[in-house]
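Every chain is named by a letter (A, B, C and D) in the order it is written, and numbering of its residues begins at 1.
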Amino acid sequence: MFMSAVRRDFRDEELLADVIARLIGDARHVAVGNASPIPATAALLARAQNGNMRPHVSLLQSRRHNFFTDGARELFDCAGQGRIDVFFLSGGQIDGYGNINLVSTGDYAHPAVRFPGSFGSSYLYYVVPKVILFRTEHSRRTLVPQVDFVSAPGTSERNVYRTGGPVALVTNRCVFTFTGGRFRLASVHPGHTVEEVIENTGFDFDLPDAVPATPTPTPEALRLMREVVAPQLAEVYPRFTAEVFGPPQSAA
Amino acid sequence: MPCANVTIMFQAAKSLDEALAAIDDATTLVVPREVSGVPMAATRALIRRGVKNLHLIALPTSSLQADLLIGAGCVATLETSAVSLGEFGPAPRFVAAATSGAIRIKDTTCPALHAALQAAEKGVPFMPLRGLIGSDVLKYRNDWKVVNNPFGNDDPIVLLPAIHPKVALFHAPMADRCGNVWIGRQRELATMAHAAAATIVTVERLHDGNLLEDPILAAGTLPAFYVDAIAIAERGAWPLGLPDHYELDAEHLSLYARMAASAQGFAEYLDKYVYERRAA
Amino acid sequence: MPCANVTIMFQAAKSLDEALAAIDDATTLVVPREVSGVPMAATRALIRRGVKNLHLIALPTSSLQADLLIGAGCVATLETSAVSLGEFGPAPRFVAAATSGAIRIKDTTCPALHAALQAAEKGVPFMPLRGLIGSDVLKYRNDWKVVNNPFGNDDPIVLLPAIHPKVALFHAPMADRCGNVWIGRQRELATMAHAAAATIVTVERLHDGNLLEDPILAAGTLPAFYVDAIAIAERGAWPLGLPDHYELDAEHLSLYARMAASAQGFAEYLDKYVYERRAA
Amino acid sequence: MFMSAVRRDFRDEELLADVIARLIGDARHVAVGNASPIPATAALLARAQNGNMRPHVSLLQSRRHNFFTDGARELFDCAGQGRIDVFFLSGGQIDGYGNINLVSTGDYAHPAVRFPGSFGSSYLYYVVPKVILFRTEHSRRTLVPQVDFVSAPGTSERNVYRTGGPVALVTNRCVFTFTGGRFRLASVHPGHTVEEVIENTGFDFDLPDAVPATPTPTPEALRLMREVVAPQLAEVYPRFTAEVFGPPQSAA
C-alpha cells in the first residue's frame, strides 16, 4: 500500500493500528463496528499497552468481545448514556468540514453512486466524544471539498446537543487532526510526502510549517500486536489476522 | 397443562407457505439485521409466491435478504439505515435499484428505526432522538419533525413518528408447541413483535416443553401471545448464519455477489437457488 | 480468558458494606418492585449505616423496603406509584410519614416511571406518555409538561423528563466472577442499570463460569460493564421472596405489619431485626 | 357479606365472579392485577365458559398465568399496543363521574388518609377498553360525590387520547354500568334492595323504573368455578381458593 524505499520491520496495517491506538489513548470504552480489522487491532493494542484492562473494547462483530444482551439498540443506548468514548466511522466521501457521506453521490433523488447507507453515523457522530475517521483510500475521489450527502456533519450549531464528533482522520498516507471545524495535517506516514498528501486531498486543510513523520511502532507495540492482540483478533477476522500477523497461535 | 398461557391466535406450526399467508402485496414488513436471525427460507418462499410492492423495513440494516427481495421485484419502498453484503461487497441489486429509481428509499439511521419501533411498542405517537440535526438524512425525511425540547433552552431535538408494521418476520433457534419463541439476546425481535400487528416466525426446531416454564429459557423467550404463525425451517437463515448455531456460507455469498452483479446473473441465481426449491 | 469483556470498573465481590459505599446521604437511588429482586439485606445494612435524605425511586412500586427506609428516617423524597404491603395491609411507616409530612412524595404512575428511566437509558431528555391528562397525578407534577403532539391535531400529550439516578440497587439470583449478573425476565433491572450512573447488586450466589459465554444464560444477563459492585447476600431478599427461588416469609411480614403499626413497635422491630445484625 | 334470607347454593364470591365474568364476555385478553382473587376467578370463568381459550388471562401475580418476559413495563406497553381488553381497578374513593382516587383524602399536601398510590391507573384507565371497577365495600365512605384526588378520571375531554375507560362498577350490593359519564344501577344482588343502594351510595346515579335482581350463577357456572377455575386459582390465591371452593383438588 505504501510506496516506501525505507526498510521496515512492520507492515502498513501495523503502522495504522499503532497510530490509531495512540489516538485512542486512555479511554474507558472503545466500540468498533463491523469490517474494521485495523481499528479493532488498534483498540486491542491500546488495551494491551495500558495494561489495566482499559479501555473496554467492544467488537460489534464478535460474540466474545461483545457484551450486549439488550438487542441491536444497546450500542446506541450505550452511546446515548455517554458510555462509549471512542468509535470509528468512514465515508464514501469525507469533506474538509468533517462531514461524512455514506449514502450517495450526485443528486439524492437520482444518485450516480449509491453507498450502503448511513448506518448509525447520523447519531453516533454526535454523541461519541472521540470519533476517529478511518479511510485507507486517500484520493480526491474520497476526500472531497464538500460531500454530496451529509450522513452526519463534522460540526453543529452551538445550540445543537453534541457531546461528540471527529477528532482525527487516518488514511493510508497521513494523519489529520480535526479542531475548530477544520482538518490539520498532523503527520505523514513514512514513505509519503506532504506534497503527495496535498495532491491527493480534495479539501483544504491546515498545514503546519513542519510536518513530522508518523512515528513508527515500537518493538514493544509490534510484539503486543503479534503476540497478544492477534490471537484475540482471530475470532472475528481470521483472514486478516493470518495475512497480517501470520499463522494463528493459541490464545493468550 | 403445558400451554396455560397460549393465546387462541396461535396455531400449531404450519407449512412455510401457510405461515406466510398474512404477507400480502404492499404489506409493511419489518425484518431484522444479519446477526439477529434473518428468515432466508421464508424470503425465498415470498419470492416464489411473487409478493409485490412491499414496504420493507430492515431493522436497522440488511444484507442478502433486502438485496434478493429488491432484485426479485418484491419491494416498492425500503426503509433502512444500510444495505450491504459486508465483506462480500456492496449489495448489487440494492445499488442497481437505488440508482435506477426502481425503488423508493427512506434513508434513516439505526437508532431512529429502533426508537420508532419502540414508540409503537409503547403506544406513543413519537419518540425523540438526539443527533440528526444538520444531516441530509433529516433533510429528506419530511415525516420527521424538529421541535424545541420543552425541558431545555433553545435546544432543538428530532421527533420520530411511531412505525407500526403490519407484519414482523424473523428466524429464531427454537419455538415450543405453545407458540413461544426463544429469541435470546436479540431483544429487538421482541420489540418488532410488540410493534407489529402480526408476527411470523421460522425456527430451526421445536423445543419439547414450555419455554416459559423454565426461568432460564423464559428470559430469552418471546411469548406466544405475540406470535401468529410459526413454521419450521431448518437452516432457515442459510446462506446467512444463525449466531451460536451455524456460520454464514461464505462460498455461497461470494457466488451470490458475483452472479447478482448483473441483472442476467441475478435472474440465473433466482432460477437456480430460489425457484428450484418451489417443490420443497 | 474467562472475563474477556470485564470492565475495569468491576471489582470482585465485596463485603456488603463495601459494596454499598457509593450510596451516600442524599443519593438518588432506584430500587425495584417486590417481585423483581428487592435487596433487603442491603437495605438493612444502609439503615445500620444511618444513610440520610435519600431520594428513593421505587420502580414502579415498593413494599417493605420503602416502608423500612422511611420508618428508619433514611428518606427525604419518595418517587413511586404505590407503597403497600399487599395482602399484609397498608405500609404503616409510609402512611405515617405521608400524613405527618415527614417525607416529600412525588406521586407518579407505573408506566411514567418506566418511561422516564427508559429516557435516561436512551440518552433523550424526555419521553411521551398517553393517559394522565385530567388526573391530579399530572396536576401536582410541575416537572412534567403537556404539549400538543406535533404529529396530531389538537392532541395533548404528556412529556416526562428523564430520570438519572445516581445508583441502582437490586438483588439477583446470581453473578459470575467477571461481574455479569443474571436478571432473567426482570428486564427493568437492565433499564435501571443503564439509566443509573452506578449499579450495585447483591446476589444469592456466584455462578461458575462466564454468564455471557452461554447463549441461554446470556439472554438474561446484565453485563459487568454496567455493574460497579457486587456482594453475596444469601436469602438477600428476605423476608420478601425471590421468584423461582424462595417464597416470601408470610409470618415475618405479618409480624412486621403488626409491629410497624406504631412508632414504638417499629423501633423495636429495627432493634430486633435490623440492628441486631450489625455484627453479621 | 350479604344480608340475605334467601337459601342459596352459592357463596357471595361466586355471585360476584359470575357477574364479572358476564361483564368480561368474549374479550381477547383480560389482565388481573395483584390481590384480586374475585376478578381472577371471573376471568378464568369467562375463559372456561367460552371454551375456545378466549380470553387469554394474565394474572400478574402468577408465574404460570403470566407470559411477560420483558420486565415490569411489558404490561403497560401491552396495554398501549391495544392488546389488553379488560382490566380491573378499584379506589379508596370512587365518585359518580367515574373518577377514582388511590392516593389520599383531604388536602393532598396534608392528607387525612393516605392510600398506597395510583399504581398504573393513571395510564391503564385511558387505554384499556373495558375497565371494570370493583370495590366490595359499598358505602358513602367509598362511593363519594367527588373524589379528593383524581388518580384517573372517568371521562376525558374529546380531544384527549382515550381508547378505554370504565364500563361498570361491581360492589357487594349491586352492579352499576357506566355510560355517558354517569353510573346507572343495572342490578341489585339477591338479598339487597334499591333503597339500600341509594342509602349507601354517596353519588347520584341513574335509576331505571325497574331494577332487576342480579342473576345468580347457573349450576354450570358454579361447576366450572369449582372444578375448572379453582385448581388454576390455587397457585396464586391458595387461601382464598381453599376458603371459597374448599380443599384443593388436583389441577385439570
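Basically, contacts are C-beta pairs under 8 Å (C-beta built on N, C-alpha and C of every residue); 3 or more make two chains touch, one makes a residue touch a chain.
Everything quoted here is computed from the prediction, not taken from an experiment.
S.K.: Which chains does chain A share as contact partners with chain D?
M.R.: Looking at chain D and chain A together, the chains touching each of them are B, C.
S.K.: When the centre of a chain is set as the mean of its C-alpha atoms, what distance in Å lies between chain A and chain B?
M.R.: One centre to the other, that is 30 Å.
S.K.: Roughly how many whole angstrom separate the Cα centroids of chain B and chain C?
M.R.: The separation of the two C-alpha centroids amounts to 35 Å.
S.K.: Would you kindly tell me how far, in whole Å, the mean C-alpha position of chain C lies from that of chain A?
M.R.: 40
S.K.: So which stretches of chain A touch two or more other chains?
M.R.: 68-70, 76-77, 80, 127
S.K.: What residues in chain B touch two or more of the other chains?
M.R.: 122-124, 129-130, 155, 157, 185, 187, 190, 218-220, 243-244, in rising order.
S.K.: How is the touch graph of the chains shaped: line, ring, star, complete or other?
M.R.: Topology of touching chains reads as other, fitting no named class.
S.K.: Let me know each pair of chains that touch one another.
M.R.: Listed by label, chains in contact pair as A-B, A-C, B-C, B-D, C-D.
S.K.: Going by the contact rule set out above, which residues of chain B touch chain C in the complex?
M.R.: Against chain C, the touching part of chain B is residues 115, 122-130, 145, 147, 149-152, 155, 157, 159, 161, 182-185, 187, 215-220, 243-244.
S.K.: How about chain A: which of its residues touch chain C in the complex?
M.R.: Chain A reaches chain C through residues 28-29, 52-54, 56, 58, 64-70, 76-83, 127, 232, 251-252.
S.K.: Which stretch or stretches of chain B touch chain A in the complex?
M.R.: 32-33, 36, 59-61, 80-84, 86-87, 90-91, 94-95, 98-99, 101, 107-112, 114, 118, 129-140, 154-157, 185-191, 243-244
S.K.: Over in the complex, which chain C residues touch chain A? Could you list them?
M.R.: Listed in rising order, the residues of chain C that touch chain A are 1, 4-8, 120-124, 180, 190, 194-195, 212-213, 218-225.
S.K.: In the complex formed with chain C, which residues of chain D make contact?
M.R.: By the definition above, chain D touches chain C via 34-35, 63, 68-77, 80, 102-104, 108-127, 149-153, 156-157, 159-161.
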